[in-house]
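Structures follow.
Common to both upcoming complexes is subunit A, partnered first by subunit B, then by subunit C.
Presenting the complex of A and B:
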């Protein structure tokens, strides 16, 4: 006799995770290495500023919104912050996740309690839903949005929702919900390299390039 | 069966007072998740229930289940419950052996046909009958033969309930659970490696008093297997606070912090270990400082390692990861090289055109 819920959990933790890891690691490396090897066209003009310094600075300064941006798009900016911070608190400070990272990389750090994790999770989910709503509500942004964008948003929220349901045993068999949680992460890892989720890695490169181009011209970025 | 002594007589013989009997009934009632109003009914049912004949079959097992139930605790009210059944065949406990023992089994089967209870511990090998046989009878034959006239079957221990350790990968004997063979009889699974003695006796008491208990989808009585160990664990507050032992002898472990990172399977394991406990309510594995192995769940030997956290990947992901790094870097560099080559070729093959040539071409056509 088998426990189908546990079998699903073992599938999500076992073979499917291996496939997801393969696609994720290979996919992300293909894209990053390709971008780096392609490089940029050599600029023969004489540098008027320090491109490297300006490039590195821009990686950090672009983390803050432009003046007036919050006023223009409050939900997008605030929701974006809340989603990202909440997601990373839930992902990086929940001890079962740290145990996973420790198993994979050997790196470990102290976690926080459930009150913080669950508050962050709930806020991140609310922010994510608000981002989907505003994107859908605004006619311009709706035109610019493809179905992949919605898919990515939903796939990013699913691990948060299924994890919350599994830990709090809100509904369904907890083992089944835990299996769904890991399955949702596997799926997220598989689509990661082929979608805009790649921004998690490429944002630094894009910002550096932008900053260094301006830096070379002697401009602030 | 009618000639067998009823419980009050047995109690007297064991020097058990009515007060302690009723106390036992009360704890049994709460253990079976029945309302307190049922205590008198439980007491009455136990007092008046005739002793059913029980045939205990031991197949591919380690005798741990028998050890657990016989050494439950003293003074043994559980033992008393056991005395209130007529254990007609149990080749570990009975004095007779060989043919004489088998005759006892056959006699009990004949006399109580359709009414006796079969308890099985151990899995059944399907590859070769010779892997496990008793008095020359293969486990499969003995189970089929004995189950035929049984009122119900109780699969005691994870081996009988789900295949257990003998079924662990690569399952050299082709071990299967009782429910894989017998499909036309009610089967109560009491998994555990071994099951909690109190749970085994309470399930028998439930069978004696109210018949087959409510079972979950894995055939386990819901009264004992409805909640996870994690939910009832005394270390749960540390999990909620984010305090976890990193090794078996660090400060956290000594302070009783959660054992999740050391591989505890409490969150996915359903049992009453954390509340009923073992050795007369003394302790349970997590209290003794070791994570739960998940022994009441099917395939617990093959579920990704006892010391791996539940959230950690279960497969051979390291080799996959290394292959992915090599393949990713190579494919990325290869892709970029091809793109550069294409660009260079396009540049080299680029034909320039001016307005004069275009005009000329147009005139010609």
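Presenting the complex of A and C:
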């Protein structure tokens, strides 16, 4: 019996997944090495504060916005939080995902129930749409945004949407929807190293440098 | 590419390091830096979004320091920086940025955009796109002794005045002292009272000091214009004078960018550690306070607020010191909104004040300060940067606001305890 949907699913989770994973891992490594090899010059100024300590601290403290920032940019900040938290709950705490990660890495951890996963997914999608909206409507963001920014946002939402549809068998052939879900993940992994999705790794470096530059001077960061 | 644009791109290329690469890799174009910028706040013009101001540096990085960008360039899809790009960037890099550093504090991924503006200016000036006024100041300073022209006679006269006023002997180039005092041109020309103020405070505290005839001026237009060679030359002058006099400490004056240039950039410009320490005058006064060597009596009854110079507080780490000092002498000290680390720029730092083309933008930016001051309604604004002092004084006058501006060192000297 020949089922094209099944073949597509096997392709998406088989060879294409392997290729995507390879592009993702190799690409991210290249990008990180590319940054680190540039190095930075030795700083001869006499340090007033502790640059290393403040650099590490800033990786965490910069997660919170400064007072007044939420009021000025509610969609970007609240939407940003909800999207990121929702995305990672759906990605990392959904039991079948954990099983897949265990298969790949041997690592595993407890998951959470369907209600939490599905709420997180829905909220993340709504937040993502709000982020697209504010890019399109807000003059500052509109001027900064390129087509790649929209593409990346849409590509980040597709796994959430297709996953939700496939798991809940909302419409379409369930095998086909699952194939689409995995395809969307493959595509996301492939574009990852070439786009701003890289911030998921490099933000820690950027925050560290910021904190260490300020920290050396004994200034806040 | 034109020869000048090529020089600019070469200079930008030299500025790219791991922090810059990590910053550009991390930017998700969220636009949150816009609200941190005084020029965006007061114009609501999206072109003033800070991260946009360093776009040319980003392009050089992408074209030459990312694998994907190099491939794109090779197949003809690179985004080469042109002469026109440099011309267009002038008003973003020089006119609408005082390098105040607020954007650096709010970026959620931690980008130090201000540091990248400093780097952008290296490219801009190499490409011949620095503001003419700053180039003029650099010429005056490198061939003479100050960005305002020859101040050698003025400094002699002001020191003589200070001696007459205070009855305290001040000797030029005196060997064997601990401290070398350097002033900003603005102080020598406009606020020379600070010399007498220091003389009185130091006399009481037992601080031995001198002024060098070879290097009495601390400002550094090189860091504003973005020219390492000029910056290095000017710093070297101070370093040589200080090391010749064998002082253990050099006092950086009430001047924002001078502190930045001398304390933080200087050793990197000359490529070695100093043989002396640099201490900001307010740091020193606070240290003398802690040691019980700076005692005051009486307090100013006026309603006083404090203006934080960006390069000294946010970019320099001197935040609590001026407040501890001010509380010694101010009965009625009230902070403005956002005071301290997130204070708003006076509107004219980073070379904006000297740049005539930026006049309207500067006046627009001051409106934010104006509203903050109106809310507090102080009788007096105290600050610790002579250029902030100068800017505020003029802007307040232009806006028909009758508020006195004072330097913190002078204020401390005014209430110095005279027990003996």
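Heads up, the rule we're going with is that the second predicted complex is superposed on the first by the 220 of 221 C-alpha atoms of A that agree within 3 Å, B and C clash if a C-alpha of one lies under 4 Å from a C-alpha of the other, contacts with A are read in each partner's own complex, and residues count from 1 in each chain.
In this section, a contact is a pair of C-beta atoms (placed from the backbone, for glycine too) under 8 Å apart; a residue touches a chain by one contact, two chains touch by 3 or more.
Nothing here was measured: the structure is a model prediction, and the numbers come from that model.
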item: Fit or clash between subunit C and subunit B when superposed on subunit A; value: fit
item: First, second, both or neither for A:74, with subunit B first and subunit C second; value: neither
item: Which of subunit B and subunit C A:30 touches, first, second, both or neither; value: both
item: Touching partner for A:9 - first (subunit B), second (subunit C), both, neither; value: first
item: Subunit B versus subunit C as contact partner of A:38, first or second or both or neither; value: both
item: Touching partner for A:17 - first (subunit B), second (subunit C), both, neither; value: first
item: Which of subunit B and subunit C A:213 touches, first, second, both or neither; value: second
item: Centroid geometry (CA): angle subunit B/subunit A/subunit C, rounded to a multiple of 10 degrees; value: 170
item: Shortest span in Å between Cα atoms of subunit B and of subunit C, once chain A is used as the common reference; value: 6
item: Intersection of the subunit A residues that touch subunit B with those that touch subunit C; value: 30-31, 34-38
item: Parts of subunit A lying in touch with subunit C, wherever the complex brings them together; value: 30-31, 34-41, 43-46, 48-49, 58-59, 62-63, 65-66, 69, 72-73, 76-77, 80, 135, 138-146, 149, 193-194, 196, 198-199, 202-203, 205-211, 213-214, 216-221
item: Complex interface listing, subunit C residues touching subunit A; value: 16-23, 25-32, 34-35, 40, 44, 46-47, 49, 51-52, 65-68, 104-112, 115, 263-268, 270-274, 277-278, 313-319, 341-342
item: Parts of subunit B lying in touch with subunit A, wherever the complex brings them together; value: 161-163, 177, 179-180, 189, 218-219, 228, 231, 239-242, 244, 246, 258, 260-261, 267-268, 297-299, 303-304, 308-317, 320-321, 323-325, 327-329, 331-333, 335-337, 339-340
item: Subunit B partner contacts - residues on subunit A that touch it in the complex; value: 1-3, 6-7, 9-10, 13-15, 17-18, 21-38, 93-100, 102-104, 108, 110-117, 169, 174-175, 178, 182
